Amino acid sequence: MLQIKAQLIQRKTYGVSQELRLFAPKLAQRLTAGQPVLVRTGWGLDSYLRRSFHPVTIDAESWTLRLPPSGDRGHAWLRMVPEGSELDCLGPIGVGYTLTDGARHVLCLGEGEMAWALLPAVTQAAERRLSVTLAVGAASARYTIPANRLPLAVEYRVVTTDGSRGRKGHLAALLPELLPWADAILAAGSIDFYHQLAESVQTQRGMLVQGFVQALYQTSFLCGTGACLSCVADIAGGRRRVCLRGPVFDLVDLLH
Amino acid sequence: MLQIKAQLIQRKTYGVSQELRLFAPKLAQRLTAGQPVLVRTGWGLDSYLRRSFHPVTIDAESWTLRLPPSGDRGHAWLRMVPEGSELDCLGPIGVGYTLTDGARHVLCLGEGEMAWALLPAVTQAAERRLSVTLAVGAASARYTIPANRLPLAVEYRVVTTDGSRGRKGHLAALLPELLPWADAILAAGSIDFYHQLAESVQTQRGMLVQGFVQALYQTSFLCGTGACLSCVADIAGGRRRVCLRGPVFDLVDLLH
Amino acid sequence: MPIELAPHNKRGLTLDSPLIAGSGAVGYGENWAPGLTWDLFGAVVTAPLSVRPRKGLTPPRLAEIPAGFLFSTGDHNPGFRRVLQRQAPLWRRVQTPVILTLVGGEPGDRAWMAMRLEEIEGWVDGIELPVPEDANLGEASAFISAVRHVTTLPILVKLPATRAAHLARACVVAGADALVVGAPPPALYPTEEGKLLEAPLAGPAAFPFTLRALRRVAALDLGVTLVASGGVHTLDDVALCLDEGADAVQIRSLIWTDPAAAKRLALDVQAFVESPWAAQPDEA
Amino acid sequence: MPIELAPHNKRGLTLDSPLIAGSGAVGYGENWAPGLTWDLFGAVVTAPLSVRPRKGLTPPRLAEIPAGFLFSTGDHNPGFRRVLQRQAPLWRRVQTPVILTLVGGEPGDRAWMAMRLEEIEGWVDGIELPVPEDANLGEASAFISAVRHVTTLPILVKLPATRAAHLARACVVAGADALVVGAPPPALYPTEEGKLLEAPLAGPAAFPFTLRALRRVAALDLGVTLVASGGVHTLDDVALCLDEGADAVQIRSLIWTDPAAAKRLALDVQAFVESPWAAQPDEA
């Protein structure tokens, strides 16, 4: 973990969302998909707590955070801070997604806003010429990742609750057709979805084995070092500090 | 009094000070020299209290506030807020300087940082082709108003404690030579200086009459409407609300 | 939807909106910030009144703290007679209920003022009695009962937030029609001038104390109405207070620091109580 | 310039710097943020320890408030034996004094843990005993005396800020070597998840309460050393505490939220106590 001033070098606005690209080579080089970075969101004392962001892009010198539409005070500050400002970053926190050596067919499954956390892993897998499918579920078309944000080689599947894009329904409905093909799964969604996913895997493959599904547990972090015990969750057989064990867990641990 | 969003249209940096020009026609049109404007200095809740500023320029559409070198959190925010931002202003507060019709020879006396509050009055008096002398006292040259900030017609006198500019000594030492000439005085300084000034006037002119000296009382304001009683000072024969009676007082009232 | 703050009092105290301009937010009713008017509020509570004039605290009276400020006037006021002479015609004219804050001095001072108010029927609609930070149960009961014996006006008793649950029952027994919860806790911090000021918290920093005190007092279920007070700034804050059992809510600092936001809040609260689902909680 | 926090205790408790990493700032001594090391601090106070493991509060445990947060783990901890087994070798190795926070459960739990510590000479340098928010004088005295009877280690008693002056004398009589002033007052606020959390204040918002409590306890002149705690973030804050009578100062939130600022503060405090005039108070 580092504490570093990252310069805001680019702000892109997509409707009510924004993406901020931050120049911070040392941090970018250590950062992997799914690892949160804690960012101060004020020049003064308000907001006092850092906001956590899962990177949506990572390259050699910079990373990008995404501001979803939200009423959060910290996000509001980030929407207004001028380009060129230095943002105080603490990270990377904990454990991110890893592309295991054996995997050829990588299935990425993302629900709603959380799907964005998969992007750097999707990109990296495509760069390694693995075959990648990204499947996302959202309330409607406007909440899905635009296809032009993905590498060309990635197969992209969308499910929306209102049918405004892709199939109508819930992401879980795609699992029967996608699971047989996959030999590694990276997931980002709710605990409910993870239970559905685990059940589907068991149904389709007989058993959910360690190492098959990596799942991001969403929470907020105060210290990121294991000291404060604010990030604890009842997962992996006890009350665990997510900042040390996660936030990306093996699905077997996460649910047991 | 108005509450208005003023757009920051220009930021000028002078060493460790800054001047921010704010576009706000309605406010500018009502604003007179010496009247504070209360400005919010944060997008969020910190700093919570507005900062008060005496304008250093006023024109038909805009006014300028000066950020002195300071460690204040609110000032720090104003130093960083980007051009184009809207600043929430509440003002004008109370009573400012007035150029009485009879006055021909206007003497402006400013101590240290407070001298800047006289600038719009100095400019206005010069525009009316009155004869104007501005005399300032400061710790050293770097704390004095640069001569190029004044209209050409203004006579400018400087006294510094360390002699780095103008005469060495204290502003009060200039009074014997300046007072006989003046038929109106606008002052901005400490209560100590006001006592010296009153004494000098009495010595030189026999008596300090109502209407001769207008003096700015420096304090901070919370509501500006007379409700909160935070701005009270023991002046003018009682515990007065500076935001209603001042902050520019007749020197006779201020000291009695 | 009118709100009855004193349902067991014959006179009653009916508010058109649950949002009250609290303790001196507009002085004695004459110090209005731009854009604010009587009709935006369900009631107006005045600055404190004592029998004799008080010079209050020597300035500075204000210290900025993170997200708020410490503030006290020390009950600076021109005295009961002067204020009544000057302001009573105004109070009589306006539709909005006016609640007078009465503070102590000699024993019996508050009751004396309440008696005078009883004589001038129709000018004033209620009395707010702040319980001092360090008052014990007996002291609080004593001055509330004394006022109760001489007035038929609704009495709102304002409790210190940190001790509100401890004091609440005794105040109701002594005759309170409503409890105001509460006066934010005192703290100590340097002023701009470098003097250490001890005074109660004000501003958004005070709100989490108000909410805790309110929950604790509401849990006692004392059969009186509750008014939340201290640090309320947003529609979310108001909604939380109403959820936690408040019948009405006072604002003060917001009126001083951001009159436009106070006006928006007043209108939003009116919309919210008509239809909680229609109003949008604040986005900032 | 070393500071003696327990001058009347035979063992003593000597700090090289008045800045202490307070209650769990670095867990049990193993959770250090980047750039922070033992030698920056005069002492380290651990997270709480109880005889048996505790699962603590069900998350969420954190609610952001203006300029701070509400926070409680509910004494979540792995239990005395486990922590001692795992951490004692580390405590033994480091030069910086280690102060263990002991919390109750069954009566006698704290004394039992203190007895165990007495047996392992040289691993631990002091005990901090937090007095619960609602403890009365008798309860506080009782558990402090019980620990005092079984240990020669310096005892720091941590008082709730709002009741610190009320409780202080009894705690000294019961055997405290130093008073920690104090635990910030509890409040109530919604978490990000929308749950109402009741927990003590943390962050800069807490500091004005610390300063008030400190002044009141210092005024009692009880003949023990005082440690300020709660919301301390800047060199100005530290200087104010030392001015108001503190012998040392604890920080916690700052270590979590801004380790680089904590490190700067630690170095500035060291420079400041060498020569208060040389160090520049913060400019932000």
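Descriptive notes on the structure:
In order of appearance the chains are A, B, C and D, and numbering begins at 1 in each one.
Quick note on the criterion: contacts are C-beta pairs under 8 Å (C-beta built on N, C-alpha and C of every residue); 3 or more make two chains touch, one makes a residue touch a chain.
Only a predicted model underlies this, so the values are computations on that prediction, with no experimental measurement involved.
Across the two interfaces under comparison, A-D and B-D, the one joined by more C-beta contacts turns out to be A-D. For subunit C, the chain with the farthest CA centroid is A. Averaged Cα coordinates give subunit A a centre that lies 37 Å from the centre of subunit D.
Subunit B and subunit D have CA centres that are 48 Å apart. Computed from the mean C-alpha positions, the centre of subunit A lies at a distance of 54 Å from the centre of subunit B. Looking at subunit A, one finds that residues 43-47, 73, 76 touch two or more other chains. In subunit D, the residues that touch at least two other chains are 66-68, 203-205, 284. Taken as a graph of touching chains, this assembly is fully connected, with contact between every pair of chains. Within the complex, the subunit C residues that touch subunit A are 66-67, 281-284.
Those residues of subunit C lying in contact with subunit B across their complex are 24-27, 30-35, 47, 55-56, 59-62, 64, 66-69, 71, 73, 76, 192, 203-205, 255-260, 284. Those residues of subunit A that touch subunit C in the shared complex are 45-46, 71, 73, 76.
Across the interface of their complex, subunit D is touched by residues 65-68, 70, 162, 185-190, 196, 198, 201, 203-205, 207-209, 211-212, 215, 240 of subunit C. Put simply, subunit A touches subunit D in their complex at residues 1-3, 40, 43-50, 88, 90, 219-220, 222-234, 239.
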